[in-house]
Amino acid sequence: MLSPDRFFDPEPTHKTAALEIYEAIKALPILSPHGHVDPAIFSNPNYHFSNPYQLLVQSDHYILRMLFSHGVPYEQLLSDTDPEGNWQTFCEHFYLFRATPSGLWLDYTLQEVFGFEPPLNSHTAAQAYAFITDKLAQPAFSARSLFKQFNIEVLATTDPAYDKLSHHQAIIESGWQGRIIPTFRADSLVKITDPHWLGQLSALSAASKVDIIDYNSFIRALEKQREFFKSLGAVACDLSFPKTSAFTLPDSTVEAIFQKALASSANTANQEQFAAHMMMTFARMSSEDGLVMMMHNDVYRNYDSALFTRFGPDLGFDIPRQVEYTRNLLPLLNAFGKHPKFNLVLFCLDESAYTRELAPLAGAYPAVKLGAPWWYQDSWQGMQRYLNAVIEIAGVYNTSGFVDDTRNLVSIPARHDLWRRAATNWLAGLKVRGMISQVEAIEIATALAYNLAKQVYKL
Amino acid sequence: MLSPDRFFDPEPTHKTAALEIYEAIKALPILSPHGHVDPAIFSNPNYHFSNPYQLLVQSDHYILRMLFSHGVPYEQLLSDTDPEGNWQTFCEHFYLFRATPSGLWLDYTLQEVFGFEPPLNSHTAAQAYAFITDKLAQPAFSARSLFKQFNIEVLATTDPAYDKLSHHQAIIESGWQGRIIPTFRADSLVKITDPHWLGQLSALSAASKVDIIDYNSFIRALEKQREFFKSLGAVACDLSFPKTSAFTLPDSTVEAIFQKALASSANTANQEQFAAHMMMTFARMSSEDGLVMMMHNDVYRNYDSALFTRFGPDLGFDIPRQVEYTRNLLPLLNAFGKHPKFNLVLFCLDESAYTRELAPLAGAYPAVKLGAPWWYQDSWQGMQRYLNAVIEIAGVYNTSGFVDDTRNLVSIPARHDLWRRAATNWLAGLKVRGMISQVEAIEIATALAYNLAKQVYKL
Amino acid sequence: MLSPDRFFDPEPTHKTAALEIYEAIKALPILSPHGHVDPAIFSNPNYHFSNPYQLLVQSDHYILRMLFSHGVPYEQLLSDTDPEGNWQTFCEHFYLFRATPSGLWLDYTLQEVFGFEPPLNSHTAAQAYAFITDKLAQPAFSARSLFKQFNIEVLATTDPAYDKLSHHQAIIESGWQGRIIPTFRADSLVKITDPHWLGQLSALSAASKVDIIDYNSFIRALEKQREFFKSLGAVACDLSFPKTSAFTLPDSTVEAIFQKALASSANTANQEQFAAHMMMTFARMSSEDGLVMMMHNDVYRNYDSALFTRFGPDLGFDIPRQVEYTRNLLPLLNAFGKHPKFNLVLFCLDESAYTRELAPLAGAYPAVKLGAPWWYQDSWQGMQRYLNAVIEIAGVYNTSGFVDDTRNLVSIPARHDLWRRAATNWLAGLKVRGMISQVEAIEIATALAYNLAKQVYKL
């Protein structure tokens, strides 16, 4: 069984303070304002996960990349022909995840969600596979049952701007009370040199019932779809651009670029200009319709072209790059940073920007909130670095709580628990140093675990 | 009452070591070689601060920006019509400063300087206002009395290069023994495209009695003013340039640029070249006249142009940017870095440069000293990161102690106490790990709290 | 005597765990896969070091730069005329090394290697000099005796690509069992604008017996020398380029550049292109011959030109710069990153890249391993930052253990002990927080101290 005081500093006064803070927040409902769980698992009232390998390994690119880095080929990892054999391979390599968040999450999920206690290794692999498979078939392990059992108050999915959201509609129509909300993901529509762009544009046109013949009709289609997403509960727009540049183009320039794109003759320079212009435009839209603008740029996607060509995206081969915010975001923040209806949540994988750019901006602009430490950073040390770096400059109340960003429903409690324990332990450290009182520590822990996400994402 | 062991690690051997180190340094006089306190409050022997809001809130852009980030408009924050009402607003928002240095400093100032014990919130606001207002009127709370009570040995102000330093002269002539020294701030005279540049040049001409008609007379005027500042006790020249580039232009080029500037026709490229040339020139001057060169570049000033236009500078909207030192400073360090009379103190808001560039340079060049962690970094964690990063590479004795950088006289003890406690706790950590002896810890603590500033700034 | 629990956290459960982990690894043999010890000290069976100053101070540019930064001139530091006087000067300045790794290493070396217990200062300087000098003359202090006593399993030297490796050959021929292996250092042969390049090319030609008349013969010569190095035990190729760019040039372009270089008419742009091409080429060679590719770029070498002109390289004036890996290494990693025979060990002095670029790359590409924290970072805090930053993302098993990188044989045990204690203390912290078991902690400690270096460097 997992120890109730796990992760907390061993010094007795510190641990005592931490246990008391954690006790106050551990049962708070889970808000999950950003993630990649498939809504289809909820529209089917009796959806059950098929097997442990697919659920716990195959859907998790953190795990896939680590196994690949030690020689397990994607051909095997992505194959569906022998999930039990693949599970065995995974368990043989489970030592690779020592001291990583993936390892900690899996420990939690196995023990707290499934009740499987032995350590995972080559000897226990078959036993674990049978044990979890059996559980997955039980009524208490349907997706809807787990959602309730996990005490999830809101779960946001991530959906293309042109999505018809049929699963979200089906969930609402089913009368089930689980709050599964879509998120408007629009960045693929900005990649005007991408061979799939025209197809996505057609999908947007079909979904919005707007005939997209120029930039203005493109914008109208996006705005209509944002309203449609909002009507099904969406609170946010999610953007990930290759660069962080934002500026407004003259009408004639943007129209000319758009026409080149329609003619499949836009070049890279066009695309970069268009993306910068669209970043401004999405900020303008958010200021008007109130969808929170989540932004996380400067990741080199599908870094290995051979793997991408063969196996597609989301293999773990998305590699961060340096980000410059101060100059790049100046036009956007000057124009919209003080707008009362605008919330811009900045996620970052370049930690050197925490104290240099992000926390100073979030500590000044009413619209800017710091996103949670996530992706490569949603780890114990990553969270400590985040809290140490940003809170002193931006304050607790210019941050935005936690997002789990997971594709895997059963990992949600583990990820929120890690964040709650990280925040708790950090706050206990301030308390035992006399920097805050225990009452303040509990109030801040509640904010970090629940209230901030509720406020910032308008849940 | 503030706990005597506050901020120290709770582990008993660590805390015991820390208490002993702190005991040895807590009563050392305060050296404040860089700050923004107005010298006028000392030239008037009976100066008293007008009210708590103006003293503790309005003068502090850390606090203003945080209140603004949560929706309090600058119209209200900067208004003088209702200081008590504004104080109430501030107290209602005081929770925003939890776990920030502003919060810790205010706790100290309220309790240790004013003797006000209750926590600050909406309920205690009026009581606090009345209590502090009453204190401020007492003889012991005149600016001069506070200066003595705070045990300040030297307080440096920051003054434009063209300043006539009338307050500094009046203080000396008054026979009062408080050592209030000016600092030569010259960077505005380098901004040759700024609409105020010609006016500042006239002021420099008037102050120096040099008719500035060309680059050479400009330099003569600066040198005369540096001598004038020195005659009133100045030890340093303070520079903040938009970029960190340093190189020498040919005489004819610099003269041509200067003439364009006089004709108000200099462009941005001219200004950047001129700034790089002047950085070299200021280093040359410091090597000759011995004024310490303090440098802190790469901050985007007055980031929000609408706020700047309406409310002016120093609102908290100065946002750091990435800095490159290694290549940029090469010409300057090759020319002056080994000069025995030259001290260059580098302040930095881009912490990624600590171990990568700054500490390696300070650990090699005799002239280079690392500035204190300040501004966005003068916090508990900021200080720990600084000490952890730079000391192992540059050594204790290539750093330069602490600067409080404050506009607010009554915050000085709080800020120095935070630094002394941060250094103490860090050193106690080394001591209990057997890395240094307790005797060494106390010697280093004394250096960090007092001796290094005394030596580096030639106080 | 040094305390057995030194450096460990004082909290009792933490310290107990650390002592147990350390006990399990402290006696493991030393693997030193990268360093700069002169092989000549082993080819002579009776080599003894001449004096304490030369051995402990003059060979160590960490120490030289720190003394220079406090005014001791290189004229004195590099002089051989009065080693005892220089030692006295060093001891007078030994306080500069408080809280630095140099200080900790020297403490260890003096006490554990030489048995000299008093603290080093101006009063003990003469006593220490006599004591160590006496020891150095004893049979147990010959280079070969120390090598055995230190339990060094493998010691890699660093040798120019054109080296004839006469000392390595002599060592093997002598029948002595100490495993001293060469490392193929090739970057000087890429600096085609360097005035020494043609001379080095001649040396390469002579060593390889290949007449280098064009690019292809240049490559043949390099490949022959790599085979020669391998025949004497080499396992790695060591590269340090001014920039981190990698791309392949067309054959005709690279030949044209090579011919310009032969004619001494290559320019900087040519050199940068050639370096990028050679980085690809060295990766290709390593994929074929299996020599591990160690890479550490973006250091500005011989930063102070006056010092370099007068005193030569390796004075401590090599200053790091920002590094960009994600884009720069894309061609190399796309081409070779998945090659089963290729090991690329990336060393880094820009710590901001740890979580942003390096750990994500090492956690995905089978060929990429993270190099040890070294040079400016091989310190207690540097090691903690490294472990905190990279392990959670890349995992333990995509790192590569430790390299001591020293020129000084007697410093080797001290440096490995610091690493072992740093890793131990870090792992004990995970153990007492319930993140890993004590068994796992010991297995990971063993990997970090020994197994990983053995595997990654194929020792």
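Chains: A, B and C, in written order; residue numbering restarts at 1 for each.
Simple rule for what comes next: contacts are C-beta pairs under 8 Å (C-beta built on N, C-alpha and C of every residue); 3 or more make two chains touch, one makes a residue touch a chain.
Quick caveat: nothing in here was measured; it's all calculated off a predicted structure.
> Between 0 and 180 degrees, and as a multiple of 5, what angle does the rotation take that fits subunit A onto subunit B by Cα atoms?
To bring subunit A onto subunit B, one rotates by 120 degrees.
> More than half overlap in residue numbers between the two sides of the subunit A-subunit C interface, or less? Answer same or different.
Since fewer than half of the residue numbers are used by both chains, the interface counts as different.
> Quick one: subunit A and subunit C, Cα centre-to-centre, how many Å?
So the centre of subunit A lies 40 Å away from the centre of subunit C.
> Hunt down the residues of subunit A that sit against at least two other chains at once, touch-wise.
11, 352
> Taking the complex as given, what residues does subunit C use to touch subunit A?
Contact set of subunit C toward subunit A: 11, 13-14, 324, 326-327, 330, 333-334, 337-338, 340, 352, 355-357, 359-366, 368, 388-389, 391-398, 430, 432-436, 440, 443-444.
> Which residues of subunit C touch subunit B in their complex?
Touching subunit B: residues 2-3, 5-11, 65-66, 68-71, 95-101, 104, 300, 303-307, 316-317, 319-322, 349-352, 376-377, 379-382, 385 of subunit C.
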